[in-house]
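First chain A sits with chain B, and in the next complex the same chain sits with chain C.
What follows is the complex of A and B.
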C-alpha cells in the first residue's frame, strides 16, 4: 500500500531532495558564519547564503515536478544523489571563490545541464537520435580538441586545456571528446558487434576478430590521444583509454575482448617505448611523476630558467603537500566549514576539491561522498542491465557513462591522496567547471530519460 | 570575546547537524532501494491473506475446457503457467511453464512476467520481464493467446 503511493507521487525523491536542499542551505550558512568567525576580509553576504540554496532547490525540484507531471514512477534516487554531490560541490566552491564562483558553476554548468535533462525527459525518444550524433559529434570533438591543442588558452602549468570561441566562455574541449567516444563506441558496437563476433576466427579458446572493424575506433582513439597529448591533458588520455577498453569489454565476450585488449596494450606499450626513447618526456608528466615519488622534494622546477606555474612553484609536490596538510588538518570531523585554510591548496576549487572537502568537512563527509558516487555507478549499471536486450546502444551508452564518471572520480581522488600521479582532471559534479558539469549532468539526464522511455514502452 | 566563543561552539554543533543530514540521505537511499527490492521480490512484507479479485476469461485460446465469461478466483499471489504447480494452470501452446505472477499488495494488483517466451501484455503493452506492472481493475491481461479481464 505504502509502496504504491510512494511510487506514484515520487515521495522518496521529494524527501531526498528536501533533505539535500536543507544540506545545501546549512552548508552555505555555515560557510558564511565560519568565514565571519575567522574575520576573513569581504566574507560573502548573508543574502547570497540564502539566495543560492533557494536557486539550487528550485531548479532540482522543477525537474522533480516535471518527472511527476510526466508520471514517471521509477528511479527515485539518481536525481537526488546527483543533486547532493552537486550541492556539496557548490558549498565548497562558495567557500573558496565566493558568489562569483557559484554563479559560474550555476550559470555555465548546472542550469544548462538541467535544461538538457528537462528536454530529455520531455522527449525521451530523442535518446534514439543520439546514435545519429555518433559521427558528427566525433568529428566535432576531434576538431575542437585539435583547435584547443594549437590555439587554446595556456594555463599556469603550460597545458592548453580550454578553448575560447568568440564571446563564449572558455570550453574544456576534452569533455566533448570523452562523451563523443562513449556515443561512438556504443553506436559502433550496436551496429557491427554481431558481425564482428560472428566473423571472428577461432584460435584455440580465443576468437580473433578482423582488424578492419576496429580501424575507425582505433583511429578515433589515436587521433584523440595525439590532440590530448598536444594539450598536455594526460588525465583525459587515461580516461579515453579506460572508456575504450571498458566499453569493448562490456560489448563483447571475453574470448573476443582478450585479443583486442592484448593488441591494444601491446600497441600502447610500443608507442610508449618509442616515445620514451625518441622524445623528451613532457615537462608536466616529468614534474607530476617526480611529485608522486617524493611530494616533499624541494627542487625548484623551471622552464628555460623561469620558475613555472603556481602549482609547481615551490617544488613539484607543492600541490600534493598542501592537499595532505589540509587532509591532516581536517582529520575525522573536519575543521568546520569556513574555519579551515583550504585556500592554500593550489586549484582547490577544481582538481583538488576533494582535499578541500576533506579539510573542512572531514573524513565523516568525505566517505559518504564516495559512497554516493558508488550508488550512482550502481544505479546506472542496474538500469543498463534492466533495459531490453535489443536496446544495445542504450545499454552500452549507460555503461560508458558509468565508466566515465567513476574513472574520473578514482583518478582524481587517487591523485589527491598521492596514490597515483596527479593528472589534471576534474571530479564530476563537485569541481568548478562549465562544460564538464554540463556534460556530466546531461549524462544523468540520459539515464532518467531512458527510465521514462522504458516505462512508456512497457506500459 | 566570550561572545565569539559561544558563537564558535554554536558552529561546532551546527557542523554535526550537517553531518547528520548527509548520513540521513544515505539512510533514506538504503531504505528506498530496499523497498524497491522487496517490491520486486514480493518479499519483506506480510501479504494479505485474501484478495478481492478474479479473472474473467475473454479469449480461451486452444483450451477446450475454458469457456469465455467464466470467472477464475485469485489469491493474494497467483502464479499462472502451463506447469501444474501454478495456482492457475493454463494448458496452452503459447504459455510458458511459469509464465506470470499476479499479486495483491493490499491496495492494487500487480502483474509480473516471469521471463515467459511469448510475453505478458497489459492493455496491449508488453510487460518488462521480472518487473511488477500495475494491473488496473477492468484491465486486459493477455498471455499467449489467452485474454483475461481483471474483475475486482
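What follows is the complex of A and C.
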C-alpha cells in the first residue's frame, strides 16, 4: 500500500499548501474589496486582508516543515486538504464577523489545534498514551457535560451548550464527550472485542454477545445522552449514537453487530415510546421538526397548547428560509465574496456557515468543499486500512474519527439544506468555534502522527 | 480483512451521503428556485397587492403608499424584501413603445447604477400602469407583462441570473397611437370619463383615455394621490384616480344598451326591421309632453320623440324608450340573459378570453332570477336603466361585433414583444376572436340602424364629413339631482379604415349634446391616424413663425450655455458637447407654454429673470418631475459644461426653445419627440447650483423671453 518511491521531501504537500495559501489570500482580498464595493460601513482594513492569510500560511507551513524535519514522507494530502477547508471557513468568518471573528477562530481553535498536531508529530508514540486516557477522559468528559448541563451558559434558545471555567473562554464540552467516546470505544473494542466475539452464544446465524460486556459502553452512552438532553444539545445526542453504532459496526462482524444494533434500536424505540407517552417532546425539537416539514408554514407555534404568537415561518423556519434564499441567490457561481447578503441568515457564521458559503461562492465552491471532505474522510479510512492488524486501537480510533467528522458534516449541512431537521452542531473545520475546531484538527493530527509512527516502525 | 471490508462500506456510505447533500444543494435553486426565487416572490407579491391597492385606494392612502413604495411588502420579512430589491436592481426593465415607435416608458440608469422607471406619457397611466418601489409591475400592462418586461421569461436571462449578470428585459410595442391618445385625453378635458378607440378591423386598442388620471412618475411620492383627490374635495371628477374608467368603472349604460336589446330581439326573431310600435296617449308635460310604457304598475317615461307610431329603425334612431321597454317586457328572460351574456353582461366566469389589462365585467342585474320574475326590471333593463352596469370598453365590444358581422375580435394592446436586441419574440399575444356572437344578417341590419341614428336620429352631432358614421347615444339617468352620464358608442369608417369608439362623460348631461360631438372629433382624428403608415410621427415641424419679440434681459452673445445655433430653414441645431444629431422632426409646439413643474413648486426660489440670469429658478425639490412646457424635439440632453449641470433643451419648431437645467436625471434622449406635459427629467442641483431647483428658460433666436410673461398664472 505504501509506496516508497512516492516522494522524498513532501513536494506535493508544499505545492498544495502554497496553492491553498494563494486561495485563502485571494479570498481575503476579495472579501475586503467586495465589502468596499458594497459600501459597507467599516469594512475590514486592507492590512488584515494580508495579515491573516500570512498567519494562516505560516502556521500550516510550520507543520509542513516539522514533518520534513522529522523525515515523514507519506500522507501529503491530508494536511493541505484540511488547510483548504479551514481556510474557506476562515474567509467566510472574515466576511461575516471581520477581524475579531478571525482572531477568535485562530486563537481559540486553529492555533491550539495545530499545537496539538505539532506535539503529536514530535512524539508519535503519545498516541499510545491516548489509549490510557480512555477511562480518565471519559470520566472528565461526562463530568464536564454534567457540569455544563447544570452550570453552563444559557444561550438565547434556552440550551446550555458551553461551560465557562475561570479565565478560560467558554468551552463546548460536548466536543470533549464525543472524542472521549471514540477513544473509549476504540480502547474497549481492542481490549474486549476478541473475548466478546469468542464468548458470544450462537442463536441461529446470529451470535449473541454477553450483556455484561456492554455495560460500560452502554453506561457511557446513556449517561452522556442524559447530560446532553439536559443541555438540550440534541445534535450531539445523534452524533454520540452514530459514533457508537458506527464503531461497533466497524469492530465486530455482522453476526454480532446485528443483535447489538437491533437491541440498541429496540431499546431506543422503547425509550422513545415511553417518552412520547409520558413526557412532552422538548419544545425545541418540536419546533425544529415543524420547521423542517415546511419552513414557510404559517402555523402558530404553541407551548403547552398555548399559542406564543409566533408562526413557524417567523420562528424556527426563518433561519432555514433565509439559508435557502441565500442558496438560491448564490446559484451556480455565487454572488461574489462580500457582494451577497449572508448576514440576513441567523447564525451564518456557525451553524449555517454552509448557506453563507453557497450564497457568496455558489455550487462551484460548495460542491468541491464536499468533495474535499470526502477526500479527507476516505484518506482517514485508507490509513486505518493500511495500519497493521495488531494496531486495532489506532485503526478503530481513525474509523471513529472519520465517522464523527462525517456525521457532524451530514447533520449540519443536511439541516442547512432542509434535508433533515436542524440541530445546532458546527460543521467541522468551517464553522466558527473554539473547542470544536481544536478537537477536529487534533483528530487530523492523530492521523498524521500515526503515519509517522508507521514509517518509524517499518523503516 | 474484516475491518477493511467495514471501512470500504463506510467509505461508500460517506460518498453516498455527500452526493445526497450535493443533490439537495442543487435542488433548491434548480427545482424550487422557480417558486422561491426572490423575483418570483416579487412577482407573486406584486400580483397579490395590485388588487389590494385598488381596494385600499379610496380609503387608506397610507396603506397604498406603503404597498407601492415597497416598505410594507406584505408579510415578507425585511431581509426577503432586501433580497428582492437586490435582484430587481440588477434588471433593466424593458421599454414600452407606441405603434409608431415612440418611447412611452423606459428605465433611466443613475450614476450609481440605480434605475428609475420613467413614464414619458402620463396620459397612458391607466393602460400601462406603473411599478412599485421594488420595480415590479403593480397594474396595467406593467403587471400583465411583468415577467416579459423583467426578462424573466427568457432562457438567456435565467442563465444571466444564474451567473449574476445584469438582465435586460424585453420591450413591448403597443397598438396605442400617442397622438390620438393625447387628443382623447384632451377631449375629456376636466370632466371625469373615458374614451376607448379601437381599430375595428383587428380590435387593436388605438387609444384609451380615462380621466382623472395621475402621473405614474409620482405615485411613489407620499401623499401624491391623496393630494390629487383632496384638491377638489372628493368631487367625482377627481376621485378614484387609479381607476381605469374605460375598463374598470361601472356606469348605468342608458340607451346605449338598447343596441344589445336590438340585437337580441332581431337575432331571436322577436321583431323585424318593419315592426311598428304605437305609443299610448301623450302625457302633458313642460316640453310638449311624453309617452309612457306601463308594466306591472310601473311607468317608464319616453320623452325622446313626438311621433305616436314609429317603426323599429326609427324607434332605435330616436331612442324610443316605450318601444324598447315593450321589447324587453315581451322578451323571454332567457333570451335577454343569453344575449347579454354573449356581450359579457353577467356572463359566467371564463366565458371571455382574458384581456391584457384589468377589466371589470359589466352587470345585467344583481340577481338574474329577478330578470325573469320582475317584468318592470326587465323592461327597465332593456332601456339601459334598472340595475344594469357597464363600462365603455364593454360597450365598444358590442359595436365591434356589429361592425365585424357578428364576430368579435378581442381588443388587445400589445402589437409585438421584442427581445432587447430588437427581434420580435411574439406578435399580438393578446389577439383573439370570438366567433358568431350574432348572425351576420342581424349585424348588418343593426349596423344600418346605427347609421340611421347619426343620419336622422338622436346622434346627428356625431357625424363626420367624408365618412360613414353609425352609433347610439345614451343618457344614463341617475336619480336625484345628479346630471346624467353622457354616452356615445359607435363606429366611423371610410373605404379602407374603420374605428370603433366608445365615450362616457360622468355627470355631464345628455349623450347627444355632450358625448356625440366628442365622438365626432375623435373619430376624425382616429381615421386620419389609421391612414398614416406605422412609424410616421404625427405633426411636421413647420417653418419658424415670426420670431417673438425679443426681451431685453439678455442677448445671444452672453449665453452661458452650449452654443445653440439656429438653422432658419428648419429647427435648431445644437452645436457643442451634448448636441443632438439626427432626425429632428416631431411635434410642433403650440406657442403656448405650460408649467414645467407641479403646482406646488411654482414659486421662485433663486434668481429671477434679470440681465445675466436669462431664466427663472423654480422651487422644485430633488426628484420632482420636470415637464415639457410645450411639445417639441429634444435638441440637447446631456451634462452641460458651463454650469447648467444635466440639461435638456427642447426646440418647439416654431421659433421657441425651452431649457431645463440642474436636473438629477435626464428622462429623455436626443431627438425624442415630446409632447407638452411629458416628463423630461427630475429636478436636482447638479452643475453650478447652490440648492435643488429648476432653472427654466424660454429662448428665441436672438435672446431670451421672460418666462413669467409666457406661463399661465401659477
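Quick note on the criterion: the second predicted complex is superposed on the first by the 437 of 459 C-alpha atoms of A that agree within 3 Å, B and C clash if a C-alpha of one lies under 4 Å from a C-alpha of the other, contacts with A are read in each partner's own complex, and residues count from 1 in each chain.
Quick note on the criterion: a contact is a pair of C-beta atoms (placed from the backbone, for glycine too) under 8 Å apart; a residue touches a chain by one contact, two chains touch by 3 or more.
Computed from a predicted model, the values in this text were never measured in an experiment.
Asks: Which partner does A:154 reach: the first (chain B), the second (chain C), both, or neither?
Replies: A:154 contacts neither chain B nor chain C.
Asks: In the overlaid three-chain picture, which partner chain does A:100 touch, first (chain B) or second (chain C), both, or neither?
Replies: neither
Asks: May I ask you to decide whether A:270 touches chain B, chain C, both, or neither, giving the answer as first, second, both or neither?
Replies: neither
Asks: So in the superposed three-chain picture, is A:143 touching just chain B, just chain C, both, or none of them (first/second/both/neither)?
Replies: neither
Asks: I'd like to know which partner A:406 touches here: chain B for first, chain C for second, both or neither.
Replies: A:406 sits against chain C, while chain B stays out of touch.
Asks: After the superposition on A, what does A:336 contact: first (chain B), second (chain C), both or neither?
Replies: both
Asks: Figure out whether A:84 sits in contact with chain B (first) or chain C (second), or with both, or with neither.
Replies: A:84 contacts chain B only, not chain C.
Asks: What part of chain A is shared between its chain B contacts and its chain C contacts?
Replies: On chain A, the overlap between the chain B and chain C contacts is residues 333-334, 336, 371.
Asks: Give every residue of chain B touching chain A within the complex, in rising order.
Replies: Counting only chain B, the residues touching chain A are 4, 7-8, 11-12, 14-15, 17-19, 21-26, 28-29, 32-33, 35, 39, 105-108, 122, 125-128, 131, 133-134.
Asks: Which bits of chain A are touching chain B when the two form their complex?
Replies: Residues of chain A touching chain B: 1, 3-4, 6, 12, 15-16, 19-20, 22-23, 26-27, 29-30, 33-34, 37, 76-77, 80-81, 84, 333-334, 336-337, 339, 361, 364-365, 368, 371-372, 375, 386, 388, 454, 457-459.
Asks: Which part of chain C faces chain A closely enough to touch in the complex?
Replies: 2-4, 6-7, 10-11, 13-15, 17-18, 20-22, 24-29, 32-33, 36-38, 77, 79-80, 82-83, 86-87, 161-164
Asks: Give the list of chain A residues in touch with chain C in this complex.
Replies: My answer: residues 246, 249-251, 253, 314, 318, 321-322, 324-325, 327-336, 341, 344, 358, 363, 366-367, 370-371, 373-374, 377-378, 381-382, 384-385, 389, 392, 395, 399, 402-403, 406, 409-410, 413-414, 417-419.
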